[in-house]
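Next come two complexes built around subunit A: one with subunit B, the other with subunit C.
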Partner chain A sequence: MGRKILLKHINEPGIQGYETYRRIGGYASVEKAVKTMTPDAIVEEVKKSGLRGRGGAGFPTGMKWSFLAKPEGVNRYLVCNADESEPGTFKDRYLMEKIPHLLIEGMITSSFALGAHTSYIYIRGEYFYIVNILEKAIEEAYANGWLGKNILGTGYDLDLYVHVGAGAYICGEETALLESLEGKRGNPRIKPPFPAIKGLWGCPTVVNNVETIASVVSIVNDGGDAYAALGIGRSTGTKLISASGHINKPGVYEIEMGITVEDFIYSDEYCGGILNGKKLKAVVAGGSSVPILPAELILKTANGEKRLMSYEGLSDGGFATGTMLGSGGFIVMDETTNIVQNLYTFARFYHHESCGQCSPCREGTAWMEKIMHKILHGHGTLADVDLLWEIQSKIEGNTICPLGDAAAWPVASAIRHFRSEFEEYVKNPESIKEVNHLYNTQLA
Partner chain B sequence: MGKIKIQHSKFKIIKMSEVKKIEFSPEAFELVQRLIRRYPEGNQKSALIPTLHLAQAEFDGWLSAPVMDYVASLLQIQAIEVYEVASFYSMFNLKPVGKCLIEVCRTSSCWLRGANEVVAHIEKKLNIKDGETTPDGKFTLKTVECLGSCGTAPMLQIGKQYHENLTLDKVENLINDWSQATEHSKYLDNSTFRKN
Partner chain C sequence: MAKVTIDGIEIEVPEGTTILQAARLIGPEVAPPAMCYHSKVKTSGGYCRTCLVEVSKGSEKDPRPMPKLVPSCRTTVMDGMEVSNFTSKKVVDARKSIVEFLLINHPLDCPICDQAGECHLQDLSYENGSAKTRTDFERRTFNKIDIGNNIQLHMTRCILCYRCVKVAEQITDGRVHGVINRGDHAEISTYVAQAIDNDFSGNVIDVCPVGALTDKTFRFKSRVWFTKPMQAHRDCDKCSGKVNLWYKGEEVLRGTGRKDQWGEIEEFICNTCRFDKKKTSDWVVEKPASISHQSVISANHYEVFTKPTEFKINIVKTLPIEEKTN
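Let's look at the complex of A and B:
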């Protein structure tokens, strides 16, 4: 069994409530931080831990924190990004639902480190039932003196609020999230200035993912070095992986960085192998935005070595033969999966979710969906496949925010690795049927 | 977030004679005041999205122009600021919806586990297409993008409730349960936000 940090106590009965959470040692990091550490010392520990942003970009958290501007007399804010919307990703939901106090504790400790006195958790609107859970946990934290005025008699004040969105993938992009939190459309801002200088209401702001914030708890408790001792190379610590698709045991798994992909897919500790004993065809390893890889490349790198679950392991080989860890949304497809049909669901997704601000993304995602639709309905030509390639290459790198890249990469990688399937679809559309069925159906 | 076909109006046009007096219940009004206090003074616009959710819950599950104007007056912002936000986010309905709004996830992980069969079954059962409402005003079917329930796919959402690991039996039961509903499905209720 791998070491667990975030999900160590997940199966403890009653862990959702304050009493149990406190009994297993909860809120110790707040006590240690506000009573015995300076904010700078906490930032140092986070730097030492090597923790990287768990939302998908993988930017070093300690460095992000150290960029925060601290002008006199200006409020600073910590905003937790709980807008989890990347297709294939459901780890933050799991964490907030099962062990909400871990996030609240992380928010308090991190807010202290950043000198924030008001912090927000921005949660996607569809997760309304989790808003209830978080609000209750926050209420308990206030009632027990972990939030509010003069926390533990140290003179540190902090208010924590949940802010709910209303359905927009783009609000997971940090500047779009801030726009949304200000009550506007979720249009990403041009950077610089970065949020660390000019963020929420023009004030210095740090935006961190749920899992990142939750990881700070153990870093403060046990020290950055202990965290950095886990994992492999620059991929320190543990990572939550959301496993879905054609596997025997879908769910959220905490892995120590550096286990092999093969182990993750086939061992009973994790995914438990492919559903119905079928063969593996392809994997989208880090949420819909990252390149899809065929079985042979996800299990082994181009050099023939076993591929590892880590930032560097998954990106080994660049986009030619590798992919990315991303948000850890691990979507597994068996041998019956039609890659063209799957890509259509992604193309439709990005078209739906483009905010419309930059023309390459607004127009490009629309055209990619149209062309995919045309191919799917048997009217495609070989030139359409080249046109798709052309369009995606003109979106990538030409937009304000990374949604453009995220829309381009799935298309590029599907064509790169599965071009023959597109050609088959174009030449012989009659022969292709939809093959995905409900596996647990009794009617039908 | 554009659709392929050109939409002449995102908003439903209603006649002045149809406009009823629009006012939040005292509880909802009080909640809006509490939500405003969550943001620094002068930034009450930040309470817009939560307030629109509340308005949708209070007024039959959708946002009419008069309702949005009312929200603008509560937050002391321009009506256009409300319209542009309401038309951006997918959870805000700008046209009336059925008592039960069924939102079925259609993105990759759910599609891999049979989401299309779920949609087809609901379409057949209710005799409506994606995006339509039954003539009796009971059900609206809407396919939506990833709801973060990929490990328990396929899934659908009604109000704030997630229904996961769907079978056609489960879908049948949900439709039967909701066919008797007297109130609209809601994302939030009185217990959603804490009282202090």
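Let's look at the complex of A and C:
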């Protein structure tokens, strides 16, 4: 069994409630932090731990924290990104639902490290039932003196709020999230300035993912070095993977970084192999935005080595033959999966979720969906496939926020690795319609 | 001061100047086109991406190139920065795609659009676009909406530059004008078509780069190139009273703010000056307005703009302009 940090106590009966959580050692990191550590010392531990952002970009958390501007007399904020809307990703939901106090504890410890006195958890509107869970946990934390004025008699004050979004993928982008939190339309801001300098209400702000913040608890408890001892290379610690698709055991798994992809898919500890003994066709390894890889490239790198579940392992080979760890949304597709249809679903999603501020994303995502729709309905041409390629290449890198890239990469990788399927679809739509009878009835 | 080189031409500008502003100081030969930035509208720019440029050297201190193209209107210069605009194939190609993106849903109804002849999208497409279209999908359409008595919103033509939204936010009180919906369904709205009832609302017409916001008192009166702009002023207790009057023969067909070399308004004017004063006797007429010699409007006349001289411009080397790939 791999080592677990975040989900270690997940099966403890009653862990959702304060009493049990406290009994298994909960809130120790807060006590240690506010009573025995300086904020800078905590930032140092987080740096040592090598923890990288779990929201998708993998930016080193300690470094992000040390960039936070600290002008005299100006508030600073910590905002937890619980918008989790990337298709294929559902790990934050699991963590918040099962062990909410871990997030609350992480928020308090991290807020102390950053010198924030007001912090927010921005949660997507669809997670309304989790809002209640979190609010109950916060209430319990207040009642037991972990939140509010003069925490543990140290003079440190902190208020923690849950803010419910209205259900938009784009509000997961950190600056759109801040706009939304301020009560405005959730449009990403044009950067610079970055949130570390000018974030919420113009004040220095750190935005971190749920899992990132929860990981801080063990880093403070056991030290950055202990955390860094787990994992491999610059991918330290553990990572929550949301596994879905054609596998025997879909669910959320905590893995130690560096296990092989093969192990993750086929071992009984994790996904338990492909459903109904079918063959693996492709995997989207890090949430819908990252490049899709065919079976041979996801199991082995272009050099023929076993591919590892880590930031570097998954990105080995660049976009030509690799992908990204992203947010850890691991979508497995068996041999019956139709890549073209799958891509259409993604294209539709990004079109629907584009905020519409910048022209390449607004127009490009809509255009790509239309072309995919045309191909899917048997009216496509080979020129359409080339046009798709061209459009995605002109969106990528030219937009305000990375949603444009996120919309471009799935298209690019599907064409790169499965071009023959697109060509087949274009040349002989009838045969494929047969195979995918079910899906097509839904489309019609 | 910071020294920056744009397409091989060096200029010294104050810190905090954007690449676009620096390029404009050198002149139109290096200035990127701008559809959403507007010099008089605060926080404008960054949306349309037509002004993207390549930074091949970040600064003297940190000479690394920037990994992506950057919007020149929202990127400030650094000392020693080197920028390529028309001399970068990457920029020229990207811009061509941006034009394509802006046009795939545009109705291309120039023959019946009042903006034709002074439309920035027309100029942009002519200079940077392709003659062919690669889409035959149905274009997005909206119903026309009246914003008060004098302004019409024809959302179908809108490129979502956000200029009018910002003008409404910044110079009119009690904001009722904004963007609703998302992505390519996004639309400019006055929230349930509430009229903007404000003395300065008419300025949204002047900042609109296309024919999405037009002056109802001028609708279908004349093609702009058949009218002659004259600078005029009057004593006004609300605004500077400095306008351009657009004459056809003896008749004043419309009033607008005065635009600079880049087609951007110099000063915002009030609705009285814009919509109500349509007689020569209301005004002191000064002289013909300056119009760029490239504009079809100047077919009839006059003088061209002079370049600013207070900045030192050095031609360091002349770089080849990238061929447009058509």
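Note that in this section the second predicted complex is superposed on the first by the 432 of 444 C-alpha atoms of A that agree within 3 Å, B and C clash if a C-alpha of one lies under 4 Å from a C-alpha of the other, contacts with A are read in each partner's own complex, and residues count from 1 in each chain.
The rule is simple: a contact is a pair of C-beta atoms (placed from the backbone, for glycine too) under 8 Å apart; a residue touches a chain by one contact, two chains touch by 3 or more.
All values derive from a computational prediction rather than experimental measurement.
Engineer: Looking at the overlay, what does A:I400 touch: subunit B (first), subunit C (second), both, or neither?
Structural biologist: A:I400 contacts subunit C only, not subunit B.
Engineer: Taking the superposition as given, does A:S215 touch the first partner, subunit B, the second, subunit C, both, or neither?
Structural biologist: Touch status of A:S215: no partner.
Engineer: After the superposition on A, what does A:S244 contact: first (subunit B), second (subunit C), both or neither?
Structural biologist: first
Engineer: Looking at the overlay, what does A:T301 touch: subunit B (first), subunit C (second), both, or neither?
Structural biologist: neither
Engineer: See if subunit A has more residues touched by subunit B or by subunit C, and give me that chain.
Structural biologist: The partner with more contacted residues on subunit A is B.
Engineer: Who does A:S29 touch here: subunit B (first), subunit C (second), both, or neither?
Structural biologist: neither
Engineer: Considering only the touch criterion stated at the top, classify A:A168 as touching first (subunit B), second (subunit C), both, or neither.
Structural biologist: Touch partners of A:A168: subunit B and subunit C.
Engineer: Should A:S111 be classified as contacting the first partner (subunit B), the second (subunit C), both, or neither?
Structural biologist: A:S111: touches no partner chain.
Engineer: Considering only the touch criterion stated at the top, classify A:E126 as touching first (subunit B), second (subunit C), both, or neither.
Structural biologist: First partner only, subunit B.
Engineer: Touching A:S354 in the superposition: subunit B (first), subunit C (second), both, neither?
Structural biologist: After superposition on chain A, A:S354 lies in contact with both partners, subunit B and subunit C.
Engineer: Per the definitions at the top, what is the overlap between the subunit A residues touching subunit B and those touching subunit C?
Structural biologist: Of subunit A, residues 168, 185, 351-356, 362, 366, 370 contact subunit B in one complex and subunit C in the other.
Engineer: Which residues of subunit C touch subunit A in their complex?
Structural biologist: 45-50, 52, 68-69, 71, 74, 93-94, 97-98, 101-102, 104-105, 134-135, 137, 159-160, 162, 178-179, 181-186
Engineer: In the complex of these two chains, what residues of subunit A are touching subunit B?
Structural biologist: 75, 84-90, 92-93, 118, 124-129, 131-132, 135-136, 138-139, 142, 161-169, 180-186, 201, 242-246, 250-252, 284, 288, 329, 331, 333, 337, 341-342, 345-346, 348-349, 351-356, 362, 366, 369-370, 434, 436-444
Engineer: Mind pulling up the subunit A residues that touch subunit C in the complex?
Structural biologist: The contact residues of subunit A facing subunit C are 168, 170, 185, 190, 351-360, 362-367, 370, 387, 390-391, 394, 397-400.
Engineer: Quick one: in the complex, what on subunit B touches subunit A?
Structural biologist: Against subunit A, the touching part of subunit B is residues 1-2, 4, 38, 40, 43, 45-50, 52-53, 75, 77, 81, 84-85, 88-92, 106-109, 111-118, 121, 144-154, 157, 160-162, 165-169, 172, 187-188, 191-194, 196.
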